[in-house]
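This is the structure, below, for whatever I ask next.
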Amino acid sequence: MTENTTENSKIVLGKNQYGKAEVRVVKITRDTGRHEIEDLSVTSQLRGDFTAAHLDGDNAHVVPTDTQKNTVYGFAREGIGSPEEFLIRLANHFTSEFAWVTGGRWAAEQYAWERILAHGEGHDHSFVRKGQEVRNAVVTKDGDNLYVISGLNDLTVLKSTESGFVGYPKDRFTTLQETTDRILATDVSARWRYNNDAIANGGSRSIDFNKTYDDVRALLLEGFTEGYSYALQQTLFQMAQKVLDAHPEIDEVRFSTPNKHHFVVDLTPFGLDNPNEVFYAADRPYGLIEANFERETISDPGNAWDGIAGFC
Amino acid sequence: MTENTTENSKIVLGKNQYGKAEVRVVKITRDTGRHEIEDLSVTSQLRGDFTAAHLDGDNAHVVPTDTQKNTVYGFAREGIGSPEEFLIRLANHFTSEFAWVTGGRWAAEQYAWERILAHGEGHDHSFVRKGQEVRNAVVTKDGDNLYVISGLNDLTVLKSTESGFVGYPKDRFTTLQETTDRILATDVSARWRYNNDAIANGGSRSIDFNKTYDDVRALLLEGFTEGYSYALQQTLFQMAQKVLDAHPEIDEVRFSTPNKHHFVVDLTPFGLDNPNEVFYAADRPYGLIEANFERETISDPGNAWDGIAGFC
Amino acid sequence: MTENTTENSKIVLGKNQYGKAEVRVVKITRDTGRHEIEDLSVTSQLRGDFTAAHLDGDNAHVVPTDTQKNTVYGFAREGIGSPEEFLIRLANHFTSEFAWVTGGRWAAEQYAWERILAHGEGHDHSFVRKGQEVRNAVVTKDGDNLYVISGLNDLTVLKSTESGFVGYPKDRFTTLQETTDRILATDVSARWRYNNDAIANGGSRSIDFNKTYDDVRALLLEGFTEGYSYALQQTLFQMAQKVLDAHPEIDEVRFSTPNKHHFVVDLTPFGLDNPNEVFYAADRPYGLIEANFERETISDPGNAWDGIAGFC
Amino acid sequence: MTENTTENSKIVLGKNQYGKAEVRVVKITRDTGRHEIEDLSVTSQLRGDFTAAHLDGDNAHVVPTDTQKNTVYGFAREGIGSPEEFLIRLANHFTSEFAWVTGGRWAAEQYAWERILAHGEGHDHSFVRKGQEVRNAVVTKDGDNLYVISGLNDLTVLKSTESGFVGYPKDRFTTLQETTDRILATDVSARWRYNNDAIANGGSRSIDFNKTYDDVRALLLEGFTEGYSYALQQTLFQMAQKVLDAHPEIDEVRFSTPNKHHFVVDLTPFGLDNPNEVFYAADRPYGLIEANFERETISDPGNAWDGIAGFC
């Protein structure tokens, strides 16, 4: 490797991480005849001192991604609980097991299932994928600091009225007509970061991540319904506010939301009116609104938001 | 075109159809403050005498695909009702409006929405995409014959026990181990064809397609849960049977169902047992079971099943 | 199973097939330092007597899909050659190995690679995915009959002029304006079926499937470029004609081709002209043209076209 | 809005941006009969003072996303040139046209086309999508600072030998076997950031972005082929080094690359050997290596890397 080292004496390794992505693990809890199912896709990425691998091809520090995968399965044997708790266990394991692993990023998607209704009752061991949104979580560890971000994506919502868009600036390229009654539709991607103290081991609060998830989801939906929307931006603020008001353990809420255009079809050439009843749902292009809402004083996010796509 | 005609004197136009695909139409019914939403992607394809367009570039018979799209929106103004009824209206329109259009194929997907729960009640005009399966329908018209096939896809189900696979033939390439307790999982794609008499204009029965859809869906799910499954094939039979027993207006049920493998992870290298609790859900390859179940005597399907992908 | 049999005495098993789908196999030929790569996704589906599995859960006839997968890998050890030849070998194996397997369907996609250009030469063992179209093949066996269909999909082509659409019928729903200069763009999905005699074991011709593929692909592209297009339908005919003229061993060519709309953007509100220079490429909806071209006399296709999606 | 303001006195708007995403623009240059095609998907996002829209639904500052779309088409009338130059023009326009727009992010994907070979020559106005990688660019403006990042994704490469993985640490969860001869395959996603001085208006260098793109792409491919790979990490370093050595105007190169596993299939149960000839290409999970390489001294990246997914 001498030759290489000489040639690129001025080129250095910057930030880096590596691991195994999309480890799909299905955990059945079958202590009784009434089974429970947990279904996750887990990604584990380690950070630390991996310079020798990059510069010299020396793998002495490279915990194989295959080992990271195995660890996910091994840890699942002891149960999942919630994606956040499971990822925290993985984070603590890798950073304590290998001296040179000083941090990392552990992420998961969770897919919801519900019991099939058979003969009027939820079945003991037969399930149907719930569809709708995908739950997700990201745990970042950086030395002694631990960050937890929870979220969801692909929660598609629509208001068929009580939305408009007026009062915007016009220039040479403006052709859009103002409207006081339009469809407002989006796929909600939301992430909320927990206060560092709240998640710290010795913290004063103990978080039930599953219960909080259900509650935040309900508040986001409820916030979407309320009032007249002058802009998707305003509606997002309303949604975030409900979450932050109800959950002091959450410091900030971030959104990345398409404005899914539903255009009123002009039916006049066919001799028909169209009082906002028939719409063409367009795919591309679409509006894209990214907005972060946070308390005036928040705990230090560190690098927790790095690499979360689609959020500014 | 003389030159071309000469060169290929022996080449003829075979079966053909054309139209507009994936016309996304969202219909809001807003007669009262409690809105209703219908959300469809419609494909219209015409059949008939289009030889001149192919051989000579003469478009005198080519009803533009843009016109077909416009017609979808124009017809939506008068309401959707059910995808099946909407497609039948389109079929009757095109085959009666243009003398040379002797038939065609009209297909739709429908995406379900449910009211957002806000302050304990379903909201009047705010909806969330239900997710889960996609409903579909195909209406085929061939001269005076009309065929209706309804269906669904992507209904993902899983049994965490009461499934096995034993007693299969072994050969040189067999390495699979028998098991009496495995996960059985699939994405149900099912289609059911209505008896021709039942859908004929002067038929003795009047079909409520929406109600039938809900009932068939429930029966398919219930059928999946029942009993011990010796093979996915057997479970499909059980599901079809429930539908055909309860719905005399349906002649046949067809399935195209992946066997979504969930492999028990071997945790013994890590000093752990794994009594069917931790599974690796694999993507590819997957088993693929296609099976049609029908009454002993059925009405003539004509060309109704042509072009429906993934069904043998 | 007695109970079930009684209940559904009038419900019978119709057409069915099953197997393993999307078996991804990469074969490296490394007899010399200059490696060759073949990269396929293979689907194997068996047909025959599988009634007992469906009705009684008796798997005595069910060659496991896992075994079918293993067989693909085992056969790959002896080489691929071409997808068509490889699938024929699989077809002959399964129908001769198991008495009750009377036929089936074997399909493959092949992904092309090319050598990386390094220091001015194609590298010996480093490759880059070629992208562009995906090659495919379907082999169907039905008793003693063997059918071979080759094809490609996702070959995206565009003509920036020499295309128009005029002379079409107008009705109440027509708003489309005629144009004599538009963009014509499509993703070519084409399939061509070989004459049964040409592929029969004792046939008079020996087909080089790889060479034929390259040639048909070139002819389709060349046919797309030639002359003024009055309709996509006409252009497809021109493309098919070139193939059938040059390849007597091919009986028919089928297309399923979207008309990918490129709309001229109206720039006049911005004080700009737009002489067919700036286009908006729309996703949905799109035109969809399906057309089959065949010799006046062709060999019997049997069930070779069943289940090929998107072809009427 | 008084009520809201009171309730959430402690909740503030954090970072935010909005705009129109995936504006697909196809530009045909037809000054002569030999047409040129440029095909881009452009996303425009504005940053600045948009607080009133979020907190009060006041849109006085909200340049409609529709206007941003129109501007893309209007600017395309004057030509594209390169995605980087086009985005810079958009950036300068929006930040100078609207006082409260102090910055933003403009991104594009570009899809390559090549002339169809017809009768031995590249056709004048018929093109085929080149496939292979997608080129991309991101231009960020933050006050007076301008940042340009170019890149590509989905460049799939494979080495069939000269790669191994040994010498890694083992723990309780390690089952992976060492190998000195494996397939190394990845989809290269690479981004390179230009030195700020090099892209500044009064900079000493004038960059030909198209030429640089072609050259960087070739160097990345060449770097992938060279030498024995002890780890994908090492190969990435080698690729970056070639780029940075040849292009002083580039400050850093970042990679996000899956390790696409190709497992040697065990054919011994079938009585066959497998000297690294038959592989199973797995989809999930996959290794994921993210690594940034940079000069020891680089110009300040500001917020240029924010929101670029998959890069740590």
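In order of appearance the chains are A, B, C and D, and numbering begins at 1 in each one.
In this section, a residue touches a chain if its C-beta (ideal position, glycine included) is under 8 Å from a C-beta of that chain, and two chains touch if they have at least 3 such contacts.
This one's a predicted model, so the numbers in the text were calculated from it and none came from an experiment.
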Note: chains that touch chain C and chain D both are A, B
Going by C-alpha centroids, which chain is farthest from chain C? Tell me that one. A
Determine which of the two chain pairs, B-C or A-C, is joined by the larger number of C-beta pairs in contact. B-C
Quick one: chain A and chain B, Cα centre-to-centre, how many Å? 32
Could you grab the centroid distance between chain A and chain C? Build each centroid from C-alpha atoms only and quote it in angstrom. 38
Averaging C-alpha coordinates per chain, one finds the centres of chain B and chain C separated by a number of Å equal to 22
Chain D, residues touching no fewer than two other chains: 24, 70, 74, 172-173, 175, 269-270, 283-284
Chain contact topology (line, ring, star, complete or other): complete
Under the definition above, what is the set of chain C residues touching chain D in their complex? 24-30, 35, 37, 39, 70, 73-74, 76-77, 113, 116-119, 123, 125-133, 155-162, 183, 218, 221-222, 224-226, 262, 265, 267, 269-270, 272-283
Per the contact definition, I'd like the list of chain C residues that touch chain A in the complex. 172-173, 175, 269-271, 283-284
The residues of chain A that touch chain D in their complex are 4, 7-8, 10-24, 41, 43, 45, 47, 50, 53-67, 69-71, 74, 97-98, 105, 165-169, 171-176, 229-231, 233-234, 236-238, 240-241, 244-245, 252, 254, 258-259, 284-297, 306-307, 309-312
